Amino acid sequence: MPEHSVASRLRLSGLCFLLQILNILLFAVFVRYSPESSSSLCSPQLNCSQRNQDSGFQHPRFRDVHLQVLLGFGLLVAFLGRYGPGSVVISILIVSFAIQWAILIQGFLYFFQNSKIYMGARSMVSADFCTAAVLISTGALLGRINPVQMLLLALLEVTLCSLNEYIVLSLMGVTDSGRSLTVHTFGAYFGLMVSRILHQPHTDKRKREDQQDTGHQPDVFTVVGTIYLWIFWPSFTSATTVHDNAEPWGVLNTYISLVASTMATFILSPVLYEESTPRMVQIQDATLAGTAMMGMAGEMLVTPFGALIAGFLAGLISLLGFRFFTPVLHSRLKIQDTCGVHNIHGLPGVLGALLGTLLTLLATADTYGDRLELVFPLVAQGSRTATDQAFLQLCALPLTLLLATLGGCLTGYVLKIKALRTPADKGNLENTVLLEELQCMAL
Amino acid sequence: MPEHSVASRLRLSGLCFLLQILNILLFAVFVRYSPESSSSLCSPQLNCSQRNQDSGFQHPRFRDVHLQVLLGFGLLVAFLGRYGPGSVVISILIVSFAIQWAILIQGFLYFFQNSKIYMGARSMVSADFCTAAVLISTGALLGRINPVQMLLLALLEVTLCSLNEYIVLSLMGVTDSGRSLTVHTFGAYFGLMVSRILHQPHTDKRKREDQQDTGHQPDVFTVVGTIYLWIFWPSFTSATTVHDNAEPWGVLNTYISLVASTMATFILSPVLYEESTPRMVQIQDATLAGTAMMGMAGEMLVTPFGALIAGFLAGLISLLGFRFFTPVLHSRLKIQDTCGVHNIHGLPGVLGALLGTLLTLLATADTYGDRLELVFPLVAQGSRTATDQAFLQLCALPLTLLLATLGGCLTGYVLKIKALRTPADKGNLENTVLLEELQCMAL
Amino acid sequence: MPEHSVASRLRLSGLCFLLQILNILLFAVFVRYSPESSSSLCSPQLNCSQRNQDSGFQHPRFRDVHLQVLLGFGLLVAFLGRYGPGSVVISILIVSFAIQWAILIQGFLYFFQNSKIYMGARSMVSADFCTAAVLISTGALLGRINPVQMLLLALLEVTLCSLNEYIVLSLMGVTDSGRSLTVHTFGAYFGLMVSRILHQPHTDKRKREDQQDTGHQPDVFTVVGTIYLWIFWPSFTSATTVHDNAEPWGVLNTYISLVASTMATFILSPVLYEESTPRMVQIQDATLAGTAMMGMAGEMLVTPFGALIAGFLAGLISLLGFRFFTPVLHSRLKIQDTCGVHNIHGLPGVLGALLGTLLTLLATADTYGDRLELVFPLVAQGSRTATDQAFLQLCALPLTLLLATLGGCLTGYVLKIKALRTPADKGNLENTVLLEELQCMAL
């Protein structure tokens, strides 16, 4: 039916138009550049005292951050590789929208002063992180939702993810520089919950078989994506580390964790599967799991062998999850996880948060020295004990899981509204082809 | 005819040899490293007073610039993706030669002292920009000129482009840090003019049909190229911003403009074409158009929503140009534009220059604060009013267009010399295969 | 025989497991983070006086180094492209293991204090360099050794390469910042010697013919790899330059050398082969040769035209080597060189070392000025004459060749042990398929 096709085609276009107009209006009314962007400017109505105090300290750091914005973004786009060339187009749409929306939402939460949002390079970094959470969630849903649904998912998830981040990082004062909790764990469980709500027994079965076929040969995108992850992820992890001195350990730990999780794949993969070497996509999974594990703990580990062991475990868990946990998830809990985000982001994120809690408990002025002030400023200032900090780090985990699950539920029911669902279900040929293309090559 | 084939094969080789020997001789006679490269060295015959004055300021900045040389160059090479894998080889040849030649020509114009050119990392950045203009021009001509012609085009265009840049930026004192005018506009109209002169009604028709076929499936190069553009272009745009403090706004504006032009593609593409989502190459076009728009205005925009609106318009104009303007250009004006550089670089460049002029007119010490000195040094010093500056910015546009058109005419007639043209026309099989490969995948 | 297949599959897995456990144990016992990583920490038992002295100088530099670790590593992974998509998986395994092992071995040699290794970003840079040498050696052996043999090769080569580096750089005080000698020359001749020992007349012949077929079309990996090399190699070359001021010349010289060697390919390739333009892989070879040439001399060249000429010669030599020297190597000396590492790394590395020696001989305080202290600290301090330094630079070449050859012999005989060799020889189907995939696309 050509009329139907025209309508469905223009619906995405129309939604984009509405959202973009909304963004332009909100930006026009609320968003201004932060005087922070040019260090010498400091309008009187803004509280710049703190900034001027240590401007010599802040200045070189700032340049680094905006370099890392770009590199970090490169990483986000590297995610695209996981979902096959066809889905790249939709992913870029999601990224384009989510970044604007995240700047707005996070601006209202963090940078709202005198009824204006003052944005700078730091807003960009936060927006990038938030977009990463959305991309992780779509990884669980690829092939089963249409672009219009994806845009709405981005709209809702950016809002909820920013809220969760604000509660955990700002209000509770939890240290999570690489975002094990607020990006990896939140994104994974949010996506899985939406997947549960959207579960449809009949169509899913057929899809699953198709996926088994597509993913076998090692493809260019997976290779390029894995290389990007190896190079740029450690930078990304430490992009929000405010202080110069704390950074190297975060980067080195992530780097070592990557190496160990890759080795783990080579050890376990031949035991679990009938192949003598792992497939490229398994190495990419291990890489992601190794970095998700180091998100919170990266800054806190004082010895390199800790990162070696943690990365090694992350690599093992990711593989074991794919082999034994994903089928259970699918058959028992009726949660389909297209790209296995539970194994790559969910489990390692949770374990990373637990490891971070443990390390916080062990943190003493002796082992950390001057670093204590950088990693746990509140503990170093004496306003909190290490045990209190560890308790809060631990509490942040169930809170994040709760918010992710509730948010996923809500979003799932919104996406189930019939008007949104129709084109994909009605066998609209054009959309089906698109959706087939969308299937991630990871599984 | 094997002899003919051997002759044509060795002609390119011979020309490369001559040009390379010429370059080596000119470098040997004229080019020396600038003492600027090692900050502590400052030979007495060079005027280093200015540099020593603010050496603390220059030093960290310098390291950034030479990082950006490399990143910027990465970007140039990313252009290659647009022209299909087959053309990458020729494009690398053009880049290799154009960089050397640009260092020489720009060295004579800018860095010539005591009959020596003192080159440094800054020369590399300028040479990279100039090479970008050549690559843009070849985008209009791909598939219709042979490698020998391309080398001669690079030789002439680098010379003229450097001259135009010298007049506009140095003599007139125009602010154009992202090179909307001197790279995008110049490159596009130069290439289009050469295309007009080389117009051949019969062969062109067949070529056009071929192009329609090749460009349909989303290919790896387009995806990787687009990712490169998203990541590294904002750095590139601000590579020549001399002052640290002015940089972030340029980067952030370009980034926001990118996002908005991508959204515009998703809005307009389903309206113009029969597909529900745009093709990857259209997103790349929008990305380039969004950045070309921000070339001059990037540093000047004081509010983020300005960049949102400008980027949005750039995305719309690029798409509308492809749909409605390119056919008119081809049928009425007999200008064939293989990769549509007029829509991607030409129009957005002109609009960016006009936007820059408007913003210059509105620039006041109130809105800019200390930034005024960084963006418009002459206005801040009081030697010029903002209106004068705006008038000069406006004058630079017709001047650039005039030089590009005249230069394109001249180059076109040189390339039309029969001795150069022969191999491609005479149906030399080997060359034809090469030329087919050369066709850009953009159209 | 399925049992055989299971055994061979688990053998790689088991070896990885053993090596990884060994690494974890050694890291646990010996490796700690250097207090250098956080500049403010300096435990009393470490000699930090030197560092504190010029901490203002060291600090910005340090940030650069760890950026370059990541970029440099990107480069290593870019090597992977040379060996075809199938071999990427094995190469990542080699990289993962070699980095850990190199940190350990180099730690024992350089950073061993109070029975602990204090690692930092600098250790990572050194480990990256060492891994590059291993990847170069495997380039000579691809398609003829199985993954288990490769792991053992990495184990032995990292040890010997670190030892050679320690003798040449630390004990003899040779200047080799881009590692012409210790990475390029060592890696190439080590690999060639192993290849000689493993020579098997019958199987090799068939393999050679296959290679001729696979390499003809320009593939995505070669293009992406070449782009990476062009962008990031100059950074990599200067990653170990300790002093800020000496860096730019190294980068600029490498950059200019790249450009000239690319031009040389376009000149000589049509003369030697029947094609009018060189293939992508030849450009990549020239790029690598041009940079290998600049390894030692990059910092020492005082004029840009020197780099132009040296790069030009490197490009010519690489091509001539492929055409005339590789067949001789194969038929007379019975050394098979799968990816032609002798032409790309071996010869240019040797020539680069000779050029470096010549430049050292010519180094005077007049031409170098303050740079003398940065490039040749011992000469500037007066504890050595330039002639002595040049003599030592020259002696380092035969020493490196001797160690590489002896080490290659030893490793070759170890890899020839029957238990290791069996699966590849016995026509185990699974492994053969893997090995075919492994063949480099470079030849």
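In order of appearance the chains are A, B and C, and numbering begins at 1 in each one.
Rule of thumb we're sticking to: contacts are C-beta pairs under 8 Å (C-beta built on N, C-alpha and C of every residue); 3 or more make two chains touch, one makes a residue touch a chain.
Worth saying up front: this structure is predicted, and the values here are computed from it rather than measured.
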Interface sides of chain B and chain C: same vs different residues, half threshold
different
On Cα atoms, by how many degrees is chain A rotated relative to chain C, nearest 5?
120
For chain B and chain C, what's the span in angstrom between their mean Cα positions?
35
Touching two or more other chains - residues of chain B
60, 220, 224
Which residues of chain B touch chain A in their complex?
60, 64, 218-220, 223-224, 226-227, 230-232, 234-235, 244-249, 251-252, 255-256, 259-260, 262-264, 266-271, 274-280, 283, 302-305, 308-309, 312, 369-371, 374
Complex contact set, residues of chain B against chain C
8-10, 12-13, 16-17, 19-20, 23-24, 27-28, 31-33, 37-41, 43, 59-60, 62-63, 66-67, 69-71, 73-74, 77-78, 80, 85-86, 88-90, 92-93, 96-97, 99-100, 119-121, 124, 147, 220-221, 224, 430-431, 434
